[in-house]
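Below is one structure, written out as structure tokens, with a few remarks after it.
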Amino acid sequence: MVRAAVIGATGYAGAELVRILLSHPYAELAVITSRKYEGIAFSDVYPAMAGMTDLRCERFSEAAIAEAADVVFTALPHRASMSIVPGFVNRGKKVIDLSADFRFKDASLYEAWYETHQAKDLLRTAVYGLSEVYYNDIKCASLIGNPGCYPTSVLLPLLPLVKVPFVDLHDIIADSKSATSGAGRSVNLATQFCEVNEGLKAYKVAEHRHNPEMDEVLSRFSGSSVHITFTPHLVPMTRGILTTIYVGLKEAVSSEDIASRLDLFYRNKPFVRICGPGKLPNTMHVKGTNYCDIGFKIANHTRRLILVSAIDNLVKGAAGQAVQNMNIMFGFPETAGLDQVPFPI
Amino acid sequence: MVRAAVIGATGYAGAELVRILLSHPYAELAVITSRKYEGIAFSDVYPAMAGMTDLRCERFSEAAIAEAADVVFTALPHRASMSIVPGFVNRGKKVIDLSADFRFKDASLYEAWYETHQAKDLLRTAVYGLSEVYYNDIKCASLIGNPGCYPTSVLLPLLPLVKVPFVDLHDIIADSKSATSGAGRSVNLATQFCEVNEGLKAYKVAEHRHNPEMDEVLSRFSGSSVHITFTPHLVPMTRGILTTIYVGLKEAVSSEDIASRLDLFYRNKPFVRICGPGKLPNTMHVKGTNYCDIGFKIANHTRRLILVSAIDNLVKGAAGQAVQNMNIMFGFPETAGLDQVPFPI
Amino acid sequence: MVRAAVIGATGYAGAELVRILLSHPYAELAVITSRKYEGIAFSDVYPAMAGMTDLRCERFSEAAIAEAADVVFTALPHRASMSIVPGFVNRGKKVIDLSADFRFKDASLYEAWYETHQAKDLLRTAVYGLSEVYYNDIKCASLIGNPGCYPTSVLLPLLPLVKVPFVDLHDIIADSKSATSGAGRSVNLATQFCEVNEGLKAYKVAEHRHNPEMDEVLSRFSGSSVHITFTPHLVPMTRGILTTIYVGLKEAVSSEDIASRLDLFYRNKPFVRICGPGKLPNTMHVKGTNYCDIGFKIANHTRRLILVSAIDNLVKGAAGQAVQNMNIMFGFPETAGLDQVPFPI
Amino acid sequence: MVRAAVIGATGYAGAELVRILLSHPYAELAVITSRKYEGIAFSDVYPAMAGMTDLRCERFSEAAIAEAADVVFTALPHRASMSIVPGFVNRGKKVIDLSADFRFKDASLYEAWYETHQAKDLLRTAVYGLSEVYYNDIKCASLIGNPGCYPTSVLLPLLPLVKVPFVDLHDIIADSKSATSGAGRSVNLATQFCEVNEGLKAYKVAEHRHNPEMDEVLSRFSGSSVHITFTPHLVPMTRGILTTIYVGLKEAVSSEDIASRLDLFYRNKPFVRICGPGKLPNTMHVKGTNYCDIGFKIANHTRRLILVSAIDNLVKGAAGQAVQNMNIMFGFPETAGLDQVPFPI
């Protein structure tokens, strides 16, 4: 049994980590921290968990956590992560960071969109935790920059196709629709029930911080400089991201060609489901799961490929993928702790 | 491994049975039937289940099912159940029926609220499957009448108190609020999204069929003739029932007294959680689980006890309790297949 | 044209007052204030209002408001109201206060549930603004204590019946379900989208501040000391309260009797709609309107009358009734500004 | 007063027509029809309307309607419309058809996406009822093909820009997100509450019938052959469409340039609101109104213009625009009956 710590356990991603780790067959949740709820039982913060765990939220202490845990999940806001991650790495712990702090290879790109980076040297060894794509690197990594929720929903459908010659890398648009838990548990007016319910809006159009994250990975993976157009939207739901991607095609392509490339890329990957012909994903089908469902349609009249992906933003988009990465790092079955049967509705 | 069949697998309760049985450690889902989707893969009816099962919906055949299964779950509308249940019972199968057909001891009560009963003799041996309360009878039963969702939410908080002298059995009101999946998957105008969303209504006030079901159990259990006032409401949610029960008190009672009676009654019962002092249930805390959370408050100024319970109508209110009953019947751990960690949100 | 001011215009009740007053045929919205949004255009706070008004939120100034307005609506938290209302009353302005500060006749009752009252003398002349019931007093009032949303939904169905001999005044329970806008626009965790959506809970059971408000009015109106049991619930909707009231009957009563008493009481009252036989209210039917819909059912087996009412908590439960009271005070048609046709969905 | 008839008054668009016409200052709703609810009071079909109207749903009769009404709104499924519209046109009535039957100029395009057209000759004189754009034609028209909801949300932001040289007409994508009322009131599984709530999906990707409708108008208006890529999505809301449009730019353009073109195009158009710099639409801001809110952002890094529009699909996307067209046809003020103040939430 590997012993795990969750730093920042009471945010939505942190709580989802707690949920998954509590029933993980090879991990034991040893310690959780929360600045806001220090000393409070986790099940008092999330009463759904009553009877599941006696863990209390502790104050952060590098020494105590390093003593208690083999792997550390940091579910903190960016900046907060980079100040504590190096300590654990130096102590030889495996660290999986859910913030943006270790997702970028290019520190200047991070600094252009976030702020001064205080642990730049770690960017070289940190591995981008898109489990299906960087599997081999993750295996050997000691620090994972766990992908953003939007990038996960954009990159999984897109990466299998960015090296094929008929795809126009300069003509890619991703239109994402996210449930409200993506905004986290911090309290603000824009995510009050009455400000979200029966509303639908775009935000941070073409200026969301996940855009450069996608661009860097797409560029690295394809070997070309890629800049995509990305628009996030907020939808009155609790969980789920649906992303619709428009890809320019340089020539006519058949559905079979696309399907076989996706199938091949994700052969033996347990968490990517390619929808059959004529079918498309729905966030309802992945709710509470670590799946990324991918469907597509070719628009012949405009020579575009339209990819659609669905994930649960808190699972495959955050905590689930983090645990998947832990599984890969520790040699556990990739699906350990993540294989519960989905809800029909 | 016990081999299970689900008759009527594509309704919401049936699909939830499929979900639970697919990951049950001691049961194997051997056959599912659906009249409407005969021949169709279950995962085509519920795409969330893609990759989970290859089962196809079969046409109903008593012989084939009896051959393939040790336990039969019937998730059919009332009347349809009573026509097929006797066949399986006669063949020595364990049957857990989710309809109302085998919930009543008094056939004339059933007939007053439903219709002519065609398998009256089975009512004598059928056991009302309120797992925590009729545990010992369930153990030995071959036919279970699985409780209605509303009765489960009413009876669990109420039964521990109906034999205590300070409770006025003639002054009990249950006000229930149900999510929309309680109406089942059959298509009709009243459950179309736009007719439910942003609406809230009472229906079948004091004339819902679950009222006599509750009354019969309350009367049997208490030894007095009990008739409660019951009002169901429809709420724009997918899962959950919250029931608020108003009980007249014949004398002043302390909170400690009530708490200790509830605690005692449900000691060692894994699926009933009594909320701590000052806390109350929320359907969100039991979503997707087999829990019944119970809280209460004493209104001294009007000498009433107010009990509040929360269940997931599809789990503890239907499929989960059915599997709990199977566990009891077959001597499995009561929580087998039902112990997944709840979602924090 | 009467000139109106709204103090606290950016909360949900205040904004709803702005909405109604902007299209009122006999009132002109002269000034609005907001501490938080001072200097900001109202349509920047509520972009739905773009093009509707150029009003900016002003800092509160008694002198300026008294100069600009004939009638002052105060939509502030309790306590804040009582500190400014006397100034306007002294200057001869008509004041309609939406807080709890002037709803009670008995200052000690207010103080038991709220806090020290600083304008007790005004309680004598303040009129409880339940428009249909205190119509004649409202006509002559200079200060209105506008009723709470829950009390409105409880009192309107109940008051026509509290003087009839067959009603047991000591056996009344009100179970209310409120949409989330009732919690106001102040930002807090409990009303964040993900904490409300797909959840349902009771809160402040038998200890909500609206309970003594109802009790005082019921007692005053009936001439007996009445204490009812009241439980509020929070529902994942934006607008609406549905209240289910359980009334003990001392003898058998016919539906016709109840119906005729309700019809008689509300004859010529434009905003109370009594549902026809067999019909019940739905909050969807009153959304955005000043209606209170009332239906009922008699439970013969338990000798109880079950009344159900539906209102829009922000309209009949707050701003709409406030404007209705203004109409009555100024001799306008009672429906002026409140007669828009409801939405079908 | 013009006398109006609504054919098909009990669907969502029909009912919205009834709502608007009931408070129209220059129109009188003379007759409504419904095949399904023949003989039933409209307020029994939509109880929200109790007290608003005594109209009953009548059986369709061309003669009776022509006798009673000056203007006929047909809110029927396509095909049904074309069989009755010619009769009214021949009798000299003004007809506003909300189906697709008279939206196309090119009958073969209609027939490729719908079915054989049985009133082709009327296509020549029918006017596409996009009120702001075809105002002058509408003025003189006797038959209006009222635009589809999606096309309205796509065309209003796009048309002001399709003639400017820097816009690449071959690089336009529209990603629309629609509330569920867009599917109409007909009962089916896909729009049951539990199948929509907490779900999000794309459907009819690049093959929705509104795509050729948009293409024809864009081509006609721009003078070039335009084919856009269009993807509709279904969102768990009752009302609203948010459309995000991606337009390729041939050269760098300033925000001021775009803003001034939009402002100029919609100068004096009361129902189009151009959001100020840095602001974007939200369906919540247009709920229940006839507004189309338009915002935009230029993505310099990918040389794309991103336009975002919000409408209420039942108002500006159907019934509201239909009444706006009636106003234009009869010389009423364009906003008559459509000028109610929006709800803040």
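Chains here go by letter, A, B, C and D, matching the order in which they are written, and residues are numbered from 1 within each.
FYI, contacts are C-beta pairs under 8 Å (C-beta built on N, C-alpha and C of every residue); 3 or more make two chains touch, one makes a residue touch a chain.
Being a predicted model, the structure only gives us computed values, none of them experimental.
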Remark   = Higher number of C-beta pairs in contact (B-D or A-B) found for A-B
Task = Could you find the chain whose CA centre sits the greatest distance from that of subunit D?
result = B
Query = Which integer distance in Å separates the CA centroid of subunit B from that of subunit D?
reply = 46
Key: Geometric centre distance via CA averages, subunit C-subunit B, whole Å   = 39
Task = Please work out the Cα centroid separation of subunit A and subunit B, and write it as a whole number of Å.
result = 37
Ask   = Do you know which subunit A residues sit against two or more other chains?
value = 12, 181, 194-195, 198, 236-239, 282, 284, 287, 345
Ask   = subunit A touches which residues of subunit C in the complex?
value = 12, 180-181, 185, 187-189, 191-198, 236-238
Key: Contact footprint of subunit D on subunit A as seen in their complex   = 170-171, 173, 175, 177, 179, 194-195, 198-203, 205-207, 227-229, 231, 233, 235-240, 242, 244, 246, 280-284, 287, 297-299, 301-302, 304, 306, 308, 310, 345
Key: Complex contacts: residues of subunit C adjacent to subunit D   = 12, 15-16, 18-20, 22-23, 46-52, 181, 198, 238-239, 270, 273, 275, 279, 282, 284-289, 293, 339-345
